[in-house]
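Both of the next two complexes hold chain A, though its partner changes from chain B to chain C.
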Partner chain A sequence: MPAYINSIGNISPQHSLDNNLFLEEVVDHYGSHLTCKEPNYRDFIAGANLRRMSRVIKMGVSAAKICLEEAQIDNPDAIIVGTGLGCMEDTDKFLSAIYESNEEIISPTQFIQSTHNSVASQIAIMLGCNNYNFTYVHRGFSFESALFDALLQFEEDESVKNILLGGIDEITPNYLSITGRLRQWKPNEYSQLSLLANHLRGSLPGEGAAFFMLGSEQAQHTYAQLQAVGMRYKPADESEITQYITGFLASQDLAIQDIDLVLLGLNGNTELDKVYYRVRDLLFKHNHLGYFKHLCGEYKTATAFGMWLAAQILHKQRVPEAVKLEPFQAKNINNILIYNNYSNINHSLLLLKNV
Partner chain B sequence: METLITDLKTQIIEHLNLEGVSPGDIDADEPLFGSELGLDSIDALEIIVMLERIYGLKIKSQEEGKKVFYSVRTLAEFISENKGLGVV
Partner chain C sequence: MGMVSAIGFDVPQALHALRHCQTGIGPIRFLQTRHRGTLPAAEVKASDYELATLLGLDDIRDYSRTALLGIMAAREAAAHARLHEHPYLRTGIVSATSVGGIDKSEVFFGEFLKDQARGGDLHYMVSHDCGDSTERIADDLGIKDFVSTISTACSSAANAIMLGARLIKAGMLDRVLVGGSDAITRYTLNGFNSLRIVDENWCRPFDQNRNGLNLGEAAAYLVLESARAVEESRKTPLAELSGFGNANDAYHQTASSPDGAGALRAMQLALHQSGLTTSHIDYINAHGTATPNNDLSEGQALKNLFKDYLPRFSSTKSYTGHTLAAAGSVEAVISVLSLQHGIIIPNLNFKDPIAELEIAPVVAFEEGIALRSILSNSFGFGGNCSAMIFSSC
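Showing the complex of A and B:
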């Protein structure tokens, strides 16, 4: 059953707080990683609550609040969040405290807030919302699993009308240090807008908190229709991927040529990006192509940023130049397919339609 | 004692992340809980951890805890009386 994206709240490395603006100005961080353009959190969260929250919780709760206010809904029927790594800052702190105190003394606040479901629960506490509340932590399928659950909730229960859905992940110094030692990221500082031209080993780490109010019915300010989500774990080769994509589209009564824009999860890792280019050559040679991880970076819930991007493109009927993989003029954008893979393990598809 | 009280106020502000509060804003004789500071049970746990980490002091009795955590001054008196003694 499809759902409608009726409002959005997105805190990202781009200026995405104001839903009326849409990448008119693209932020080039010129560094080795992308961190969010954060708002003044006091505008969204009361001081007494704010003092205990780590950065990712502040990001998630604020993005959710923007989304709720735009939808003018104060008690959604469900809150569902996807996060690859949860609240790492607090986890860092309390694990360090355990180590430093010889496994004896830990801060209760950091321990409580370090759980992966802190953001979804903080939103529920803030709203006094006792409805369904779930957090998915499934690596590169975290946001997709949350999305899948949301669609199932609509399918299973007609009384469910509005679901607050989010994807969150944060960068911390320890995360950069550990994953950097695994040589996951390009080591130097560079313009991330030239990400695909940088052929050094690795990708570009990023972070974000994107929330969506999904509705079973269209609202006055609907951005787009979320038609379907698909996941394929560790496909054997490009042939299996292309078969999966064509089958996924066929299940929605669509063919490749019906897709007006394909957003690829290219992340600058030349080895991993080969998969995207092969799929492009096999399937999407005649489609308009875009990409987004030079704007938000690579993280386990980056498809949440991709979904924000697709919803805004459909709503505003404009593809920002920075998103285009190659120059093109797009008219009447009706169907957008997001194809992402995380480490060539978690392959996912999101199909959005114009309303 | 006054130096210890000032240190405690600074440590409480830092450990509980009381933004916008300075040591001068905390009255050493006012109740720590149920006052304008807005502290709650999690803050009490944080102060227990702080006591253990900085001063090496543990509180085992709930009754003792109620007296010790009444104000910054009672906290300072407790530290002053028990520093170096370890578990109370």
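Showing the complex of A and C:
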């Protein structure tokens, strides 16, 4: 069953904290990775907690708070989080402590906070919310699984009205160092806004915490409708992907030409981006195309940023220039399809509609 | 069903151990840790190399122990359910893990800390994330139609089972492999030890003098099938998952509330969904970690739900140790075995009831009992509480 996106809290490498703004000013980090424009966490989290929480938990809890406040809801019927890597900073610290102390008794704080469900549970504790609470941790399906679960719940139980849902992942120094050695990222400092023109090996690492209040009913601030989400694991070739996409759209009574904007998960990795370009050539030759990972970077829940982008485009009926893959003028944007793949393994589709 | 744990490499071995009240908890033999010799654990009795040999895998640098255990249990479950006989049925996997490939990250990290630019074999890092073991199991069995991973601490596998059931119910899949896998690691052993909730002796669930948990490791999977798939393949189901509930205690990151509010709510939701009343529950496979906090809180929630008519209950963690993200599916397998064979597995090491509760678990093996429904609890850090009800068919 479709759901309405009734509020948003998005902490990202762009200025996305204020939902009234929408990429009027685009941030180019001129570095080799993108980190979030973080708020003053004191505005969201009380003192003792603030000191204890790691950065990703602070980002997640704050984004959730922004989202809850905009929706004016303090007891959602479910809290669902997707995260590819969870709380890496705490994991790093606790692993280091094990080595440095040679397994003596050490402080449990980092261990306690390093479980993947930390953000979802911190939100529940903060709200005193006893309802359904879930955390998905499956690579490029983490955020998608959370969405899938939410749509299923609206279908199963009509007493479920509001679901707080988010995608979160953080960059840490060790993450950059290890994935850097795996040669996943482009070296040196460069302009991210020309990510696709940089043909050096690798992609651009990023991070973010984006929360959404999904509702079974439209609210005052509704941004858009989430119509459907699809996941395809390890498709054999491009034809399986294109068949999957056309089948997915057909199940929503849509054809390719009904899609007013396709947002592709292009990430600058020239090998992996070939898949997107081939799918474009096979399916989307006549559609308006956009992309977003030059704005948020590549991470396992980057589609959460993509969903924020699509929801804002539909709500404001404006496609920021920086998002366009090629120049175009778009009018009456009704359907946006996000097509993402994580390492050509986890292929996913998000379909959003104007309300 | 398939299961590899400290009490055996497959389900028949586990059943044999349970029938004979043989615990899998003992001195640490395989994990490299300075706690060897002081803390006991419930290890699967094989090294990574031996597991890989049993599985016929060659280069195991990329395989975390979580993946090795997972593949072993998943293969048993898939063979038991004869998944290969009906390849046209839509089949998915929902797996749970909390440690993922951190056993390998630990090996890497020691060298990495000394030299960040070159230290450590990068092979050990490719399996770090939680999705890795799920995808290796999926690929081993050729499962493609739905692939996802859940991590809600020690309630993870129960939640994986629930999601699988919902996918079947919604008609999105015909069959789904559900469960979890968690290897024992220095990370978790030191983590629980830093919280001072690891017992240096055998754990004593629900005993007045309980002094913490014994860490275990396991993988356990069940195949859930739709009524249509069962009909088509002419199988006799082992049991029915008749209800489940998920709630959050919303009290503390690691401690359960004194009255077990989240636990109570999860159990109530499960009962409500099953359409059963408390009087239909003939046995409870409790979460029963043997930490002072859990057993008191869970016991209180049980008393609040069942009032004066508390059914037989026990914690089988006194055999398998606390297998963290796998615990929900390990105990689901044991619950189904209880239904199938009409047996109740007694709680080991129990002497005196908790003073505040005055409730006592089953302490002697019982057999020849017609069990209708079994309640299985799983609770985790972060207040994640889940309950499932398995009923005889």
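For the reader, a short list of remarks on this structure follows.
Going forward, the second predicted complex is superposed on the first by the 354 of 355 C-alpha atoms of A that agree within 3 Å, B and C clash if a C-alpha of one lies under 4 Å from a C-alpha of the other, contacts with A are read in each partner's own complex, and residues count from 1 in each chain.
Just so we're on the same page, a contact is a pair of C-beta atoms (placed from the backbone, for glycine too) under 8 Å apart; a residue touches a chain by one contact, two chains touch by 3 or more.
If you're wondering where the values come from, they're calculated on a predicted model, not measured in any experiment.
In the superposed model, A:Y244 makes contact with neither chain B nor chain C.
Once the two complexes are laid over each other on the shared chain, residue contacts for A:A120 go to chain C alone; chain B is not touched. Of the two partner chains placed by the overlay, chain B and chain C both lie in contact with A:S107. When the two complexes are overlaid on their common chain A, residue A:R51 makes contact with chain B while staying clear of chain C. The partner that reaches more residues of chain A, of the two candidates chain B and chain C, is C.
Looking at the shared chain after the overlay, A:F22 reaches neither chain B nor chain C. Judged by the document's definition of touching, chain A residues 105-108, 112 lie at the interface with chain B and also at the interface with chain C. Chain contact summary for the complex, chain A toward chain C: residues 79, 84-86, 91, 94-96, 98-99, 102-103, 105-108, 111-118, 120-122, 124-125, 127-139, 141-142, 145, 149, 152, 155-156, 174, 177-178, 181-182, 231, 233-234, 300, 345.
Touching chain A in their complex are the following residues of chain B: 16-20, 38, 42, 45-46, 49, 52-53.
Those residues of chain A that touch chain B in the complex are listed here as 47-48, 50-52, 101, 104-109, 112. The touching residues of chain C, when paired with chain A in their complex, are 33-35, 97-98, 100, 102, 105-106, 109-110, 112-113, 116-117, 122, 125-126, 128-131, 134-135, 138-139, 144-153, 159, 163, 166-167, 169-170, 186-187, 190-191, 193-196, 246-254, 261-262, 265, 380-384.
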